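Take a look at the structures below.
What follows is chain A paired twice: with chain B in the first complex and chain C in the second.
Up next, the complex of A and B:
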């Protein structure tokens, strides 16, 4: 049955949205809309363009932050993984970053970097980068020694060993880190819009809540989750194209 | 096996018993949802709570990080009575929420750099406000409406003190801030660099006490004690603002605040009473009418204010009883 996974996906979506609809109809709270009301609000916001203007604003810190985290995160991760010295120098910073209660530290970021794009990009980076760096470095460190030895036996240069052995071997874990990092980046983007200044999707969420337009509020939250899921699926496709044959079962679409 | 069954039955019975006793306690204790952590602005409210307690009101309070969460907690029934102005929630959601007491009025002040000297000068100029759909945003809407001007780009920075910091840092030229921050700024050394622009009087509510109508009617007696205590404190404060500091329980949440804040309580409440922040009559019909007009103009309520019914938004019986 070739379409079994598709069927299962549709089934789980139906169960989830059905439960949402029932919970909204009971209702569990007067502030909780039904699934259909929320979807109607989403269609309305899409039709009048609100959602696109909002995403134009939200995607700025998200894309810049995720791009910086990906490039810098993988670069630093490789470096940390390859050299004991850089491991000692950088790892503690990222471990602290990962453990820090970011929402509580936002006032400090605002103090230092103002209320503009810089602070928001930083929130995204602080959420996304540690996972990417730490995953990349541990993946690099755990490259099978026998593979590297084989490379050296065939007189490969150091660059060739990194590019042709270490990176492909580490790719599944690097991509696992990227997936986690980018989801964290989405969380960071919305967090910054709720906690620093309400713009974009964060603005739709706070504004709809303040005028008690709960369907729009949940529609905005739903749209960001949908976007994150679509983006993660895209990332998976990229992984398949770039490192065919290296996936080791981390992939679950 | 028998022993195991007995243990299992005990394990099941304990949480059940605890649950039942918690519900038993919950029936008498009213749960109050505060929209912010206790601060100087809530001192009068806590004095009223102490008076209500002396008259037999059993309460517990929970501070939420913002008004919307407090409203949602009351909407979902996790809290009995809350802080805020949930007009939009009352009209749009099917929840029967009603306001019983006006805690404070929307007294906010347009403060600008010396570039501007009257509200009309702000036509087309950018302005810094609290949040979209919030109180200062509604003030800006009504200013536009009444003066026939239109502000330029609105940016949003939550918290009056943060907007003052933006003014001082030169990142904004015009904003709308609350009474205590306006006074702090204008009395500081930097005060000379700023203007407070003349504005019309606003009678509408900033914070009000509200609850679920069914719950209010079931607990009429307790709500009555609470509203009477609030009305008595608001009236006494009107005659002598220093009673708030004198009556503050040193072991309560306000009494535990730093000495610098407690030292400024007299100043804060004298200023507030002078500026008319608190209505000694608890708002009532006058506030309800003002609110419906205000929140319609501000875009939180739909429909013509003259067609709106006070009884759909306020439950006046406890306040009427307290006033007699």
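Up next, the complex of A and C:
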């Protein structure tokens, strides 16, 4: 029933935005604008093109970082999952990366790579990659032994076992990792603009706050969340197209 | 005819009226310090069904996987049609206890998987797969997914996959243990028909005494820790009497009792 699920989505949006509007009207804080004020600011920024120029800047490190994290993250994850040696070699790096207080490390990155695109891409990667690598490797490692054995018994080559058994079997968890990683990448992109140099959406947030234009600040934050949600939905569509069987449950169910 | 055999008498006691399709010679298998199989030798007659029966932990699945080439023996060798086994080969197909179906693939793709791995073109392999899907009684389910099928139907998919690659030796690892009792009886009857009509050698692992006696031409009883063949039983008289009469045949009942008597002391 797609209509019912759509209805529920709209309902939850209405409740959330309603609560925001009320909280803004109370107001809970002088610095917290209402929903409608924020939307008005968003419309204004869209109309005068500010938001588009901002995203042209913000999307650069975001897209490059997410693309690198996805390709490299899945590749390294497969590797780590398939080989004990690479597990030993790489896993600790990504576990440390995931636990590291990134904001505190940014000055080091700036010191090493300057204030340009490289540092920002790195911040996105450090946010996005560990969860992609760790999810991929544990999914690969947890491929049911009997499925791999079946592959060997029916004369599948090692490559065929990876491509036709391990990757499809791991794909639901790999995609779960991608969803988490890409969300973290969005956070990383904004964080880098707040902490390294104020450009793009980060600039709108910093500047609006400094002149107490809170509706614009929240509009910018809202727009990045909206973009992330849309992107994650797109990712879900890609998963459905690539791995049709994933929504069909498991034999052991 | 029931024969008790010691290892020394093994050679002479073997009746010479059949040809072996598979020979296991002096197989030992150690997992670290644990000895799973010790110096085990066994002949599997061509065109017949041999079951490996024994208490749990007696290494019967280990032996089956060594024959399949999925495990390497620590010592000894397996010969299939005169060729020494070094790994999985086209002359053997495997039916798994837990079915081992690909959950994201349709029945058609699952059955055709073995042919796909052998590089058979899509239209040709789907033609062959369709034939075996029909043979195991799953016509109409070609485009269903495994989770939409019952346990019994899933194992039929596993059986069709093993039949479709047309291997001479079919290795079955407790294939009916995960299906319900009624389905299992139907499977056992179908298996008897299969052994009769397909000119294949079946090696069948089971822990059910009744099942082993019901379906087998030859029963090898394995005793555990470390495993060796303690007895080979070849039921002779009731196979020709029809599937409905086997379970009340006196020889069938005697053999079941006798096997239980020899296994009883090994079951904790």
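One rule holds in what follows: the second predicted complex is superposed on the first by the 244 of 253 C-alpha atoms of A that agree within 3 Å, B and C clash if a C-alpha of one lies under 4 Å from a C-alpha of the other, contacts with A are read in each partner's own complex, and residues count from 1 in each chain.
Throughout what follows, a residue touches a chain if its C-beta (ideal position, glycine included) is under 8 Å from a C-beta of that chain, and two chains touch if they have at least 3 such contacts.
Everything numeric here is computed off the predicted structure, so don't read it as measured data.
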item	value
Touched partner set for A:68, first chain B, second chain C, both or neither	neither
Chain B versus chain C as contact partner of A:117, first or second or both or neither	neither
First, second, both or neither for A:227, with chain B first and chain C second	neither
First, second, both or neither for A:156, with chain B first and chain C second	second
Chain B versus chain C as contact partner of A:240, first or second or both or neither	neither
Chain B versus chain C, judged by how many residues of chain A each one touches	C
Chain B versus chain C as contact partner of A:29, first or second or both or neither	first
Partner chain(s) touched by A:82 [first = chain B, second = chain C, both, neither]	neither
Partner chain(s) touched by A:210 [first = chain B, second = chain C, both, neither]	first
On chain A, the residue positions that both chain B and chain C contact, one per complex	none
For the chain B and chain A complex, residues of the former touching the latter	68, 71-72, 75-77, 86, 88-95, 131-134, 155-158, 166, 171, 299-300
Residue ranges of chain A in contact with chain C within the complex	144, 146-147, 149-157, 160, 164-165, 168-169, 243-246, 248-251, 253
Complex interface listing, chain A residues touching chain B	28-32, 114-115, 197-198, 203, 206-207, 209-214
Touch list for chain C against partner chain A, complex	65, 68-70, 87-90, 92-94, 96-105, 113-114, 116-118, 145-148, 154, 161, 165
